[in-house]
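Read through the structures below before going on.
The two complexes that follow have subunit A in common; it is paired with subunit B in the first and with subunit C in the second.
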Partner chain A sequence: MDLNTEVLTQYLPLYQKAAVLTVKIGYFGIVLAIVIGLFCALIQYHKIPVLRRIIAVYIEISRNTPLLIQLFFIYYALPKIGISTNAESCGVAGLAFLGGSYMAEVFRSGLEAIPPIQKESAYSLGLSPLKTMFHVILPQAVSISVPGFVANVIFLLKETSVFSAISLMDLMFTAKDLIGLHYNTIEALFLLVVFYLIILLPVSVLGSLLERRVRHAGFGS
Partner chain B sequence: MAEHLLTVRGLTKRFGSNTVLKDISFQVERGEVIVVIGPSGCGKSTLLRCINALEPIEGGEVLLENDVVNPGGKNLIELRQKIGMVFQSYDLFPHLTVLKNITLAPMKAQKRKKAEVEAEAMALLERVGLKDKAQSYPRELSGGQKQRVAIVRALCVHPELLLFDEVTAALDPEMVREVLDVMLNLAATGKTMIIVTHEMRFARAIADRVLFLDGGDIVEEAPPERFFTAPETERAKRFLETFEFKSVKARPATP
Partner chain C sequence: MPDLGLEVLFKGQNMVRLLGGLGVALKISLIAVGVSIPLGILLGILMAGKNRVVKAILRVYLEIIRIMPQLVLLFIFFFGTTRIFGWDLSGELAAIIVFILWGTAEMSDLVRGALISIPKHQYESGEALGLSGRQIYFFIVVPQAVRQLIPLSINLVTRMIKTTSLILMIGVVEVLKVAQQIIEANRMVSPNAAFGVYLAVLVLYFIACWPISMLAGYLEKKWR
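And now, the complex of A and B:
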């Protein structure tokens, strides 16, 4: 395989710019997904009537439709009912919509893994339900959720590759664009792989460190 | 007339169509130690859970002095701080150190000062012989140690009444003693306690009064000496016999 280094250096700045966009959208989308996920998980855990039904429907729709379709819907359908969006906020919204349900399921299983007697012993110490959730249940649930959470983050970052479909100039878009322009397929794809690895490997390593840390923080009571 | 700390009046508890507690009434004086015994499934644990409002009740009432203890009732959080409970399975918070397990409720629920609470926690830990475990995590402790920490955790909230739900049932025999000693110590300092236990000799030693529960009823209520030597009811007699072993003597001596 011959890589044309001249082409590589020529493409590099374009990929850097695209990588920044990918990371930016990934970051905001995932943060929003965490917020949505936590909210949904708490509603489901507390079995709050009506709201839990709505959330169950959301989770099913979000998990059982491809991100690409969700993005098309947000990008092309929403403006028709008067909600205008630009490509970037579409990307963030799409990622949050998809990621929210995945995060919700991970957090919910974490919450449900905590035996009810933990709650009862906190109550019998005179802690309010809110303080019990905050100081006793959530920290344990979050620790249990870490492996699934890390897997979700990596999955969502990879899913950003479909953003090119709504003409966001992310890594995938850049690669396809350059291939179309100059036919330097090998160089373009090589850089694409390298840049995804540059983004994802640190996340993966940080994730494993986090997993080891929370495991160390006291389980197997 | 003696001052009643706890009044249980006509307490009825059902799980579906199954009535677990039938019209239970009794009172506990300040400083008194009540031991509740009875066969498994007789409702002993449920009784304690109802007193602490961990279970909704279908009839009657639980009064701590003059306040109604009721799930969803007002002041429930304050009332629960006056009723400490220790569970069979310890239920320490696994993500917190021993010291933080103990100081969590006093600091977060009672808004007490960190330094004061920690000093008290350390003093209590020293009393139960676990001062050097303050910075350990629960998983690093033995069952008996965990249970002693759980008792200290309940004590540090300054409850007026302590409930013990079969606190030695999950422990190895040699660890039972260290936990029972802590409880005997508490009784000696005049704590008001309701203890559910299967340790009959311990019950006899610590109780001021024994409640014998069977089928959701208080079948017999008596001072320990009388209950254990001359139980009045047939059911209590039969129950106590299950703890006796007729000896198999006169076996040929093995060489």
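And now, the complex of A and C:
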């Protein structure tokens, strides 16, 4: 197998464009997922009556169905009842729908891992509930959540690969398209792998640096 | 009440065909899980062991498999290896190979994690009680590791089932493909079939995965 450099240089701009789209949708989807996840986790932590049940249902549905099916449902089924979106916002919505529940689980387990004695001690030292949350509970909860959080970000970035199914011109779409057009399979796949590595490796490395940085919750355990 | 296109599901053999499609996805994931759990246990034990060369090689394998999206792996096997080696690989076979490779990597990481999470004092206490190395392994380490592992490997099954939805993209006729065919066939009669049929697919996947995740969650709580 020899790589044809001419083909590679010819394909490069196409892949760059596709990679930008993948990263863009991934970025907005993940940011939204974090917001949804935090919201859900706080509601479950504070045990707010009705909302808590609704969120539990959402989490079960979102975690037990594949992203591809969720995207198909949002993109092809919802327009039939009058909710139509373009492909890009559908991709963001699908990623946020899937990621929200994964993020919620990570944040919730982080919050629940803090023993009640921490809260009680803070109160007995005269800290207000808000100060307790920000100076005592959250710093510890965040550092417990970081490994799961990083794993989720990588997982969600990987999941963006299914967007080609709703005809978004992302990396997978470009690769499949080029294989079909010119039959330069090896070059097309080579660039596909390279571009995914360019996107995913830095996140993975930064993630493990971050994990090392915040590992101060182990105190006393 | 808008037309939801649900009636399409009950026409003729449509529901049976959808279930058959889900059957293909389930079959592939069960074969892959069945092979990758024993293989993963073996590799995981090696990775928690002492041989540095073996550990380094396995680490590379694990990282390569885990950082690539599963769809990319499917493409590499379905389009790439067939081109390079010139063999003929059906979509289903390519899917099974990829899911075995992926499942083995994930499983071995779970096993390694479970084994190295056993605190050192467990080994030392075993030695202090006069147990031999093998006795410590089988009576102290393995039972504790297995307890941690079972919920996690059950979760791996649901992840595997969810990931098999990707095989649509390499042309295997599974539940989504069947859904598309049904919608196409009924385009004229019930234009809103897409809603009912995709909803049914969503529900089918949920029914397949939810009980398994519930079991995993229950075991995790029980054995904590």
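Following the convention adopted for this analysis, the second predicted complex is superposed on the first by the 215 of 221 C-alpha atoms of A that agree within 3 Å, B and C clash if a C-alpha of one lies under 4 Å from a C-alpha of the other, contacts with A are read in each partner's own complex, and residues count from 1 in each chain.
In this section, a contact is a pair of C-beta atoms (placed from the backbone, for glycine too) under 8 Å apart; a residue touches a chain by one contact, two chains touch by 3 or more.
This one's a predicted model, so the numbers in the text were calculated from it and none came from an experiment.
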Broader residue contact with subunit A after superposition on the shared chain, subunit B or subunit C: C
Subunit B versus subunit C as contact partner of A:I81, first or second or both or neither: second
Subunit B versus subunit C as contact partner of A:M169, first or second or both or neither: neither
Which of subunit B and subunit C A:I117 touches, first, second, both or neither: first
Subunit B versus subunit C as contact partner of A:L125, first or second or both or neither: first
Subunit B versus subunit C as contact partner of A:L210, first or second or both or neither: neither
Which of subunit B and subunit C A:S143 touches, first, second, both or neither: first
Contacts of A:H135 with subunit B and subunit C, given as first, second, both or neither: first
Where subunit A meets both subunit C and subunit B, residue numbers: none
Complex contact set, residues of subunit A against subunit B: 115, 117-118, 120-128, 131, 135-136, 139-140, 143, 217-221
Contact footprint of subunit C on subunit A as seen in their complex: 1, 60-61, 63-66, 68-70, 72-73, 76-78, 80-82, 154, 158-162, 164-165, 172, 175-176, 179, 185-186, 189, 192-193, 196-197, 200-201, 204
Interfacial residue positions of subunit B with respect to subunit A in the complex: 52, 54, 77-78, 80-81, 83-85, 87, 89-96, 104-105, 108-110, 137-139, 150, 153-154, 157
Subunit A contact footprint on subunit C (complex, rising order): 2, 4-5, 67-72, 75-76, 79-80, 83-84, 158, 162-163, 165-166, 168-169, 176, 179, 191-192, 194-195, 197-199, 201-202, 205-206, 209-210, 213
